[in-house]
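Next come two complexes, and both contain subunit A; in the first it sits with subunit B, in the second with subunit C.
The block that comes next holds the complex of A and B.
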C-alpha cells in the first residue's frame, strides 16, 4: 500500500512538473474546461430566469445537483479518467507493453500516470456553485452530509466503471474514439432531477447504467430528497465498477501489440 | 553454465484482416473483411545460460520482437512454455517483471516533458528501490554513460543517443538479473552504439544476462556469445557465434565505386556478387582466404576506385547460407 502511495505521489509530482513546463496550455485547458462545463448551470439560470423550470425543483436545488455533477467530473478527470485515452492510445500505437513491464497493477499505474491537474479549474468552479447553492438552501444535517459523502464516493465508482469499460473496449476495437461520446451523452442524465424523466429512463439511469449517482443522488441526499431508491442504487453502482475492473483485466489479455 | 531461460515449442498465432487499397475494396471492407491468420512465431525452442549474452537475429518481420515480448510477459503465447528464472512470464506478472529489465529501441519509458532524472525517480518508486541503492546505481551508471550533464534536461531536448543511454539506466535501476533488449542500437551513430555496447559488456561482467534482438550483425559480433536466428517465425540457427562464423565462412561485403569499368576481378577469395552499374560493384571477400588489408593491396593493383565501404553480410544472405549449409550437411 505504501509503495502504491509513493508511486501516486511521484505521478502527481510529474503532473505538476509537466503542467509547469507548458504553463499556457495548462491555463487554457483549465479555463476551457471550466467554461465548457459551467455552461450547464448558466442554462439552468436562464431557464429559471425566464419563468420556466424543472417541476418540483427550485433553481438552487438544480444548481446543487449540477455542481455535484461538475465536481465528480473534475475529480474523475484529474484522477482516473485519463486511463481511457491512455489505454486507447497505447493499444493503437503498440506501447502498452511499456505499462505491462512495470511490476505494479496495470490499471493503477495507468490511472496514476495520467493524473492531470487540468481539471482543477473545473473543480473550483463546481465547488463555487456548490457553496452558492448551499447558502441559498436549508442547511443539511450531519446525517445528510454523511449520506452525501457516501453517495459521492459511490458516484465516483460509476465514473470509474464507465472509464474502465470504455478503455477495455479498445483492446478489441482499436481506435474506437467515438465510443466515449456515447457514454458522455448517457452520463449527462445524471445532472438533472430524475423526476423529470419517464419511468423507463429513471430505471435505466438508476439501476442499469447508474449515472444518477454521479450528480443527482448525492445532491438529493444533501437535500433530504433521495428516498429509499437512492440506497437501492448503491448495489448496481458497485457492480458497475466491478464489471469495469473485471472487463479491463480480462481484455488486457487480448493485447497483441504492433509489428516490431 | 546454469540455464536461466528455457523456451519450449513457443507459438504465437494471431489474426489480421486483408484490406484492399482501391476505393472499391475499401468500401467492401465495411461489410466484409477477410481474416488472415499470421504465424508470427512457429515452434521455437532454445535455452539461455545464466550470465550469457544471446543475440536473436533475423530480418524484419521474422518474429524477433514477438518472441522477446512473450519472454517479457507482455504478450501471451498461443502455445508453448517459457521459463525464466523459474517464472512463467504470463503468470505472476508483477513478481516476474520485478526481476527483469527491458529496453525497446523504438519505445520509450522516459517521460517526454520532464528530465530523465524525474523518470528515474518514478521507476525508483515503481520498483521500490531503496534510497541507498538508487543513489549508488545512479552514480555508477551515470558515470559509465557520462550522462550527468544532461539527465537534468527535459527528455524532449536530448538526442536519440542521449535518450537511449537514459533508457538503459531506467531499465537497470532495479538491478534486474535478466535484461531484454529489442533493437537497442537502432538509429544510433557509431559512437553511441559503441558506448551502449560497452555498457552492456560492463553490466554482463557484473552478472546480468542479456537477450538482444537485432538485425545489426555488429551488435552480435561484439556482444553475443550465442546466436538464435529466426526467419518467418521459425528458428533456423541456434549455436555459438564461432559456429555461425564457420557457416558463413567469415565473409565481408565490400561496396566499390570504380574509377574505370572492370569486367572481371581476379583476386583469390573474392567474388563480384552484384553490379549496380558499370562503376558500382559489390564484392564478397572470404577472410579465411584473404585478409581485408591484403584485399585492399591487391585491389589497388588491378583497378582504380574512388570510394570503398565494408559492410556486414545482409541478413537475407546469412539465412541463405545457413539453409545451404544445412542442405550440404
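The block that comes next holds the complex of A and C.
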C-alpha cells in the first residue's frame, strides 16, 4: 500500500512538472475549463432569465445540481479519467506491453500516470457555483450533508465505472477517439432535474446507467428532495463500478501484443 | 479557364483521397449517429419542460426551437472543421516543411481535404441523422427556403474553414496552441448558438455578435433553415442576412490571406 502511495505521489509531481514546462498552455487550459464551467450553467441562467424554467425547481436548485456534476467531472478528470486516453493510445500504438511489464497493478499505474492538474480550474469553478447556490438556498441540516457526501462518493463510483468501460471499449474499438462522446452524451441526462424526463428515461438514468447519481441525487440529498429512490440507486451504482473494473481487467487479460 | 479546371482537378483528387482515407475509419464518423440523436433528445426534454404552457419564449415557439436544434445539429455535420488541429500538428512536428516545398498552397490543400472529409460526414452523419430526426422523432426537417439554406450552409462551411485555419496559423508563433484552440472552441460553442439560440442573450450582446464570426458559423444557417431571422432586436429578411453572411465570409478570407502571407514569411524549417 505504501509503495502505491509513493508511486502516486511521484506521478503527481510529474504532472506538476509537465504543467510548468508548458506554462501558457496549462494556464489557458485551466482558464478554459473555468470559463467552460461558468458557461455551462449560463444556459440555465439564460433560460430562467427569459422567464421560463423547470417547473418545481428554482434557478439555484438547478445550478446546485450542475455544480455538483461539475465537481464530479473535475475530480474524475484529475484522478482517473486519463486511463481511457492512456489505454487507447497504448493499444493503438501497440505498446501496452510496456505497461504490463511494470511490477505494479496495470489499472492503478495508468490512472496514476495520467493524473492531471488541468482540471483544477473546473474544480474551483464548480465549488464557486456550489457555494453561490447554497447561499441562496435554505441551509441543509447535518443529515443532509452526510447524505450528500455519501451520494457524491457513490457518484464518483459511477464516473469511475464509466471511465473503465470506455477504456475497456478502446481495446476492441481501436483508436476511436470519439468513444468519450458516446458517454458524454449519456451523462448529460444527469445534469438536469430528473422530473423533466419521462419515467422510462428516469428508470434508465437511475438504475441501469445511473448517471443521475453524478449530479442530481447528491444535490437532491442536500436539498432534502432525494427520497427513497436515491437510496435504491446506490446498489446499481456499486454494481456499475464493479462491472467497469471487471470488464477492464478481463480486457487486459485478453490483450495480445507482439512487442510495440 | 484552364487554371480553374486545373485547380478543380487538384481539389477533386485531394478530396477523393481524404474521403477514402477517412472511410477506413467510418465507425469513427458514425459515432454521430448515436451521439447526435441523444443530445437532441436531451434538448427536446429540456425545452419541452422550459416552455411548460408558454407558446413563445424570446419570439421562438417550441416547434421552432426543436427544429432549430435539429437543424443546428445537422448543419454541424456539414460544416465541422479541424483544420486548426491539423495545421498546428504539422507545424509542431515540423512536417509543415514538406508542404511548404510542394507546388500547392497548403490552405487550398487543407480546404480540399475538408471537402472530402465533409462529404463523408454527409454520407455517414447527416443522412442517417436526418432520417432519425424525421422518421423516428417526427421533426419536420424540411427547410423553409431550400435555396437560401443551401447557400447559407455553403457560406458557413467556408466561414468555419477559414476561421479555423487562422486559428491553426497561431501555431507558427506559439508552437503549442491547443489552449488557444480550446478557448476558441468554447466561445464558438456558446456564441454560434450551438448550446442555446442567440436571442436568449442580452440585447446589447446580441448586437455585438453581428461583428464577430461566430453567428455566421451556425446560428445564421440554422435560423435560415427555420425560415426567420432575428438577432439583437433586428428582424432581417432571409436574402439580407445571407448577404451579410457573405460579406463576413469575404472579410475573413481577406484576413486569412494576410495572416497566411505573414506566416510564410515567419516560418523557418530545417528538415522534417
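The rule we apply is simple: the second predicted complex is superposed on the first by the 256 of 260 C-alpha atoms of A that agree within 3 Å, B and C clash if a C-alpha of one lies under 4 Å from a C-alpha of the other, contacts with A are read in each partner's own complex, and residues count from 1 in each chain.
Throughout what follows, contacts are C-beta pairs under 8 Å (C-beta built on N, C-alpha and C of every residue); 3 or more make two chains touch, one makes a residue touch a chain.
Keep in mind the model is a prediction, meaning the values are calculated, not measured.
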Put subunit B and subunit C onto subunit A via the superposition and say whether they clash or fit. fit
If you count the residues of subunit A that each partner touches, which comes out higher, subunit B or subunit C? C
Applying the document's definition of touch, where does A:255 land relative to subunit B and subunit C: first, second, both, or neither? first
Can A:138 be said to touch subunit B (first), subunit C (second), both, or neither? neither
Based on the superposed arrangement, let me know which partner A:14 touches: subunit B (first), subunit C (second), both, or neither? first
Have a look at where A:200 lands relative to subunit B and subunit C in the superposition and call it first, second, both or neither. neither
Quick one: classify A:3 as touching subunit B (first), subunit C (second), both or neither. first
Where does A:27 make contact in the superposed view: on subunit B (first), on subunit C (second), on both, or on neither? second
Partner chain(s) touched by A:189 [first = subunit B, second = subunit C, both, neither]: second
Could you state the shortest Cα distance, in Å, between subunit B and subunit C after the structures are superposed? 6
Dual-contact residues of subunit A, meaning touching subunit B and subunit C, are 22
With touch defined as at the start, can you tell me which subunit B residues reach subunit A in the complex? 14, 61, 64-66, 69, 72-76, 93-95, 97-98, 102, 104, 106-109, 111, 113-114, 118, 121-122, 125-128, 154, 182-183, 213
Per the contact definition, I'd like the list of subunit A residues that touch subunit B in the complex. 3, 6-7, 9-11, 13-14, 17-18, 21-22, 94-98, 100-105, 109, 253, 255-257, 259-260
Given the complex with subunit C, which residues does subunit A contribute to the contact? 22, 24-29, 31-32, 35-36, 39, 42-43, 46-47, 49-55, 173, 175-179, 181-182, 184-186, 188-189, 192, 196-198, 201
Residue numbers of subunit C touching subunit A in their complex, please. 25, 27-28, 31, 34-35, 38-39, 42, 45-46, 48-52, 54, 57-58, 174, 176, 178-180, 182-183, 186, 189-190, 195-196, 200-201
